[in-house]
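Chain nomenclature is as follows: A, B, C and D, assigned in order of appearance, with residue numbering initiated at 1 for each chain independently.
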Amino acid sequence: MIIQLENNVTSDLIQSVEEELKTLKYKTTHVKTQYGNYLIGTGKKQFDIRSIGHLNGIKDIHVVSDDYKLVSRKWKVSPTIIDLGDDVKIGGGHFSLMAGPCSIEGEENIMDTINFLKANNIKIMRGGVYKPRSSPYSFRGLGIDGLKLWHKLARENGIKIISEVMQVSQIEQMHDYVDIFQVGARNTQNYNLLDELGRVDKPVLIKRGISGTIDELLYSAEYVFSGGNERLLLCERGIRTYEKASRNTFDINAIPILKEKSHLPVIADPSHGIGIRDHVGPVAMASTVAGADGVIFETHCRPEEAFSDGQQTLDYPEATKLIDKLRMLNEVSAN
Amino acid sequence: MIIQLENNVTSDLIQSVEEELKTLKYKTTHVKTQYGNYLIGTGKKQFDIRSIGHLNGIKDIHVVSDDYKLVSRKWKVSPTIIDLGDDVKIGGGHFSLMAGPCSIEGEENIMDTINFLKANNIKIMRGGVYKPRSSPYSFRGLGIDGLKLWHKLARENGIKIISEVMQVSQIEQMHDYVDIFQVGARNTQNYNLLDELGRVDKPVLIKRGISGTIDELLYSAEYVFSGGNERLLLCERGIRTYEKASRNTFDINAIPILKEKSHLPVIADPSHGIGIRDHVGPVAMASTVAGADGVIFETHCRPEEAFSDGQQTLDYPEATKLIDKLRMLNEVSAN
Amino acid sequence: MIIQLENNVTSDLIQSVEEELKTLKYKTTHVKTQYGNYLIGTGKKQFDIRSIGHLNGIKDIHVVSDDYKLVSRKWKVSPTIIDLGDDVKIGGGHFSLMAGPCSIEGEENIMDTINFLKANNIKIMRGGVYKPRSSPYSFRGLGIDGLKLWHKLARENGIKIISEVMQVSQIEQMHDYVDIFQVGARNTQNYNLLDELGRVDKPVLIKRGISGTIDELLYSAEYVFSGGNERLLLCERGIRTYEKASRNTFDINAIPILKEKSHLPVIADPSHGIGIRDHVGPVAMASTVAGADGVIFETHCRPEEAFSDGQQTLDYPEATKLIDKLRMLNEVSAN
Amino acid sequence: MIIQLENNVTSDLIQSVEEELKTLKYKTTHVKTQYGNYLIGTGKKQFDIRSIGHLNGIKDIHVVSDDYKLVSRKWKVSPTIIDLGDDVKIGGGHFSLMAGPCSIEGEENIMDTINFLKANNIKIMRGGVYKPRSSPYSFRGLGIDGLKLWHKLARENGIKIISEVMQVSQIEQMHDYVDIFQVGARNTQNYNLLDELGRVDKPVLIKRGISGTIDELLYSAEYVFSGGNERLLLCERGIRTYEKASRNTFDINAIPILKEKSHLPVIADPSHGIGIRDHVGPVAMASTVAGADGVIFETHCRPEEAFSDGQQTLDYPEATKLIDKLRMLNEVSAN
């Protein structure tokens, strides 16, 4: 159950509603976000919402049977729009592309990418400065200094930044230099990280776990939302299956299912979803017509020389062609 | 290695080439299909194709490193087109829709469907008369009499038939009443059935196994082709994964990968691929822009009353809307 | 619902019970096996078994909520024992080993194996004469002549035979030469084959599908049982997962779960279950203490030269050591 | 390549070896643990170990082709033994049991468990004070105060503690109150957590990821080892598959495979591996004979009232019976 409260409601009222619910054996969690003020009640008894609905300070009450509440479309029917400022918006009809290298490599690489993005009217650049690596002996990214340089160059060129945060201590470091925090597939159930991101006033894109279910992705989003941050994006990036002809199995089904279950924008990551450069395009196109609110993909001026994972990275001519197709398909399938 | 022979080549010549290859420890299989005459050689030694290439009766020689040979695009670059007659073609730019109920239910149900197909300019009707059922106590289909009635009505209305064959003994029974034999997901590795379908002069659509790999699907097609029947279609219908939010996980990656690996047409089955009526459309649309040569889906005038699996079946207004979208998307993404 | 009838019950009585059930909207299937006479009723209504329980000819009535009925332990609590004659029994405390080559290779190979089995007091020899192969160009087994030779030599030496049947037409051919028909993992849902095996008076071992669920294995057994043959064995042989360090993932959980759900004997196949020669032993031992009624494994006097799949085949010294361990573990864990 | 250095080697010598390797395009990592001093070299060139092997300060050099190095059995053949003091050892023939509740619930619950453990001669108690929960509204554990109380009572009774650490900031908090840090299945690839645990002088048990591969588990262990901590245990706890008859699919194959690949002790977690109380025993027994160095399982005096996951928790009589069986099986199968 979600009880939407007036933003200026007194703590006395909150307490009285909580006590009312406690008599019904409901557990309550008070959630205050950038925009809203909610009491989440979880319990088993049937509950007559009229018994508290008349109280001053209560705007609305929704019964949500899913275990996730605040991210569910059962209480918030209208799509959430993430506004990054400068007229850059994602969701609710604002189809959004995000592109860039797997890892940020240095000034030249950043400027190459920014110039490519500007030429294609893309406003959001992706890139890693902290890289999760299965081997401890691999390159782990340029770190915070790389991010600061990137931020300076991006701001000069009107480009927004999305980058992965891997641990709690990086949140504060990165905070002023990113526009969207990305939670990677290996950290989707790193609950402490999610808790902390709930206290941040920056949007968070959460990738589905390597073998995470659709429901687990929604629970992870619920963590951040109930921590106080409702500016969230969900990202399908392929799941682990027995099939080895592709790096992951992109779960196209997840796109319409997530759109039905949640009001949050859904972004497709075809680069990791198939992991084969020649086929990133078809998967991106498929995601677009299946209802994704945006696509994030890897591009590099010379993929063969990219620091990491060049196998799934498009060069600029390939990327340009794809961008045009995606925008066209988004337009024709929207009608 | 595939050695393409002239169609009128003598058995003497075939024998002499086979002996030549035997000296190189190559195993040979002679394949004669509706259209071609091939010697398949499998062996490990490097082989100088010039040593036999000059012989009379040899048209061409291709080295194919895949374990599947005849279905590979490495020797046949141009796409295979399946021609059902009456100007009904699949593949090679001929985008094809196939629709109908899960099970054929009787005359009224057949005519309802035929009328719907004609109104939407669809030429191929799907439907089961033999149904694979996990429980022995379930309805198993109308059988051969149902098929004969269906065939009569379809012929009167210019409609082609695709229907599942479950065992060798049904092949002869069904032969004169279907235009495409369908091999179901539970029979993809029923090698005796595949062997026998190699002897038939009717096209065969092979569904990917319930947890079959892409390579296994190609091997299964190789069985039929090497048995003498090269009129084959491949069908992606979703795979079994841990995810339970959908009935299967439709493997959108398989569409571009199969198109790259094989010259055979690739058909998408979104009905089984997601198994949720409301989301069949997005998956069908995704498949179309990802490069599928056609889509097969379930439709029924009253899905709630369908004999089986109404949960993934579109009603006619839904199907009509989808058909229009698929044709439009096929057109715009083909360019 | 399972209604056990007297074996000599009249068809009039069966008909009257069926009609009684029809009034309750129950569908009925009459099943007559080697041992029993059953009416299976499937329906949704609550049913008071006293309303028909008093009728002459009815021995007992069990309500079984599972979708599989006759193979469920909910109606038959005592374990089923498969008696092959000559004091060779499987199940119900009779721990049974079956061993032999992947494929039967010829007289020498047969006699090597028989001598090995006799030296180790094993009564059942495994081996394929029809081999399911993913590539049509691979060796497909010696066929019926190989089986006849094997049968002659086995009978002379008091050895029983288990061998895979791949299609309906092979059943009659093989019938007189096998003691147990094996249904392979690719045919677990080949329902026509299962139907026909229901008409046979020889035991049938059914392997779990390559990615079959435990319930699907039980449904497949229900097919054969409801066809009239209740002499069945279930076999866990590993499932397909994302893990590639082993050929399959042996599902040790399936052993106690199958034993709980069904009264049929459960056999473990560690050779395919892990597919790594050095580790077949530990998996066989694990299965034994987890409750398996027997173990089937591959052995060959020179695994490196075996016709197929030598990688998972034990040589005779390895096999002898394992046999001793399995018998010892079965004994100590039975108490 | 692993270069074992004398413990008292000078930094000059390390530097000179690193430079030597740099000329061969080898990347080097210097690792200093509780016991050893290593240079890890990763590179592609063939390398003649004699070219540096003569240098003072070098004890030994091993070429390790796996991507994980220090955890591989290819350089360290003898099994690692984890010594917790007070004669409590794990691995290398020391079969070890660890038991306790899912979550620590309070003083009474702790003392109940300790008394049970003492009665059964078990030296290590498991229990969570920080619980990873998919829903943010669930109980998340007693936290550090619970751990302090537990530690006090355990120390008074000669019991060692294993408990899960979920984030970097908890390491210091928990350090003085645990004997083994546990990394949970959701954190197996939380590389920052692994890095930090490399700096700790307490043993670490790493659970396999929810759908982690065997290799990924070894890489995760490599992270901690190369961070400086070689007191590691690996834990198989079941993987995520399509099968829903059990909570996870316990990968029995992983036990012998991990034992072959690594010198680290391998612990089985049957409670999570099957998730069904009645079947925890068979899986624990199977793991023991398959070669596990120990078993960790959940037990509670009244499982129905346990704070969490009582479904897989044994009561004390069940646990006592199992403990006896495991010790007996370990003994008989060790020979």
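Basically, a contact is a pair of C-beta atoms (placed from the backbone, for glycine too) under 8 Å apart; a residue touches a chain by one contact, two chains touch by 3 or more.
Remember, it's a predicted structure, so these values are computed and weren't measured experimentally.
A.B. asks: Looking at chain pairs A-C and A-B, which one is connected by more C-beta pairs in contact?
C.D. replies: Per the contact counts, A-B leads.
A.B. asks: Between copies chain C and chain D, are the contact residues mostly the same numbers or mostly different, with half as the line?
C.D. replies: Because over half of the interface numbers appear in both copies, chain D and chain C meet with the same residues.
A.B. asks: Report the chain whose mean Cα position is at the greatest distance from that of chain B.
C.D. replies: When every chain centre is compared against chain B, the largest gap points to D.
A.B. asks: Give, as an integer number of Å, the spacing between the C-alpha centres of chain D and chain A.
C.D. replies: Going by mean C-alpha positions, chain A sits 33 Å from chain D.
A.B. asks: Distance-wise, how many Å sit between the C-alpha centres of chain A and chain C, to the nearest whole number?
C.D. replies: 49
A.B. asks: Centroid from C-alpha atoms only, then distance chain A to chain B, rounded to Å. What do you get?
C.D. replies: Distance between chain centres: 39 Å.
A.B. asks: For chain A, what residues touch not just one other chain but two or more?
C.D. replies: 211, 240-242, 244
A.B. asks: For the protein chains shown, what form does their contact graph take: line, ring, star, complete or other?
C.D. replies: Per interface graph, the chains form a complete graph.
A.B. asks: Show which residues of chain C lie in contact with chain D when the two form their complex.
C.D. replies: So the residues of chain C touching chain D come out as 211, 213-215, 239, 241-246, 249-257, 260, 273-274, 276, 278-279, 282-283, 285-291, 325, 328-329, 332-333.
A.B. asks: Where on chain A is chain C touching in the complex?
C.D. replies: Contact set of chain A toward chain C: 211, 240-242, 244.
A.B. asks: Enumerate the contact residues on chain A facing chain D in the complex.
C.D. replies: 27, 29, 40, 42, 67-68, 132-137, 166-169, 186-187, 189-193, 195, 209-211, 216, 219-220, 222-223, 226-227, 240
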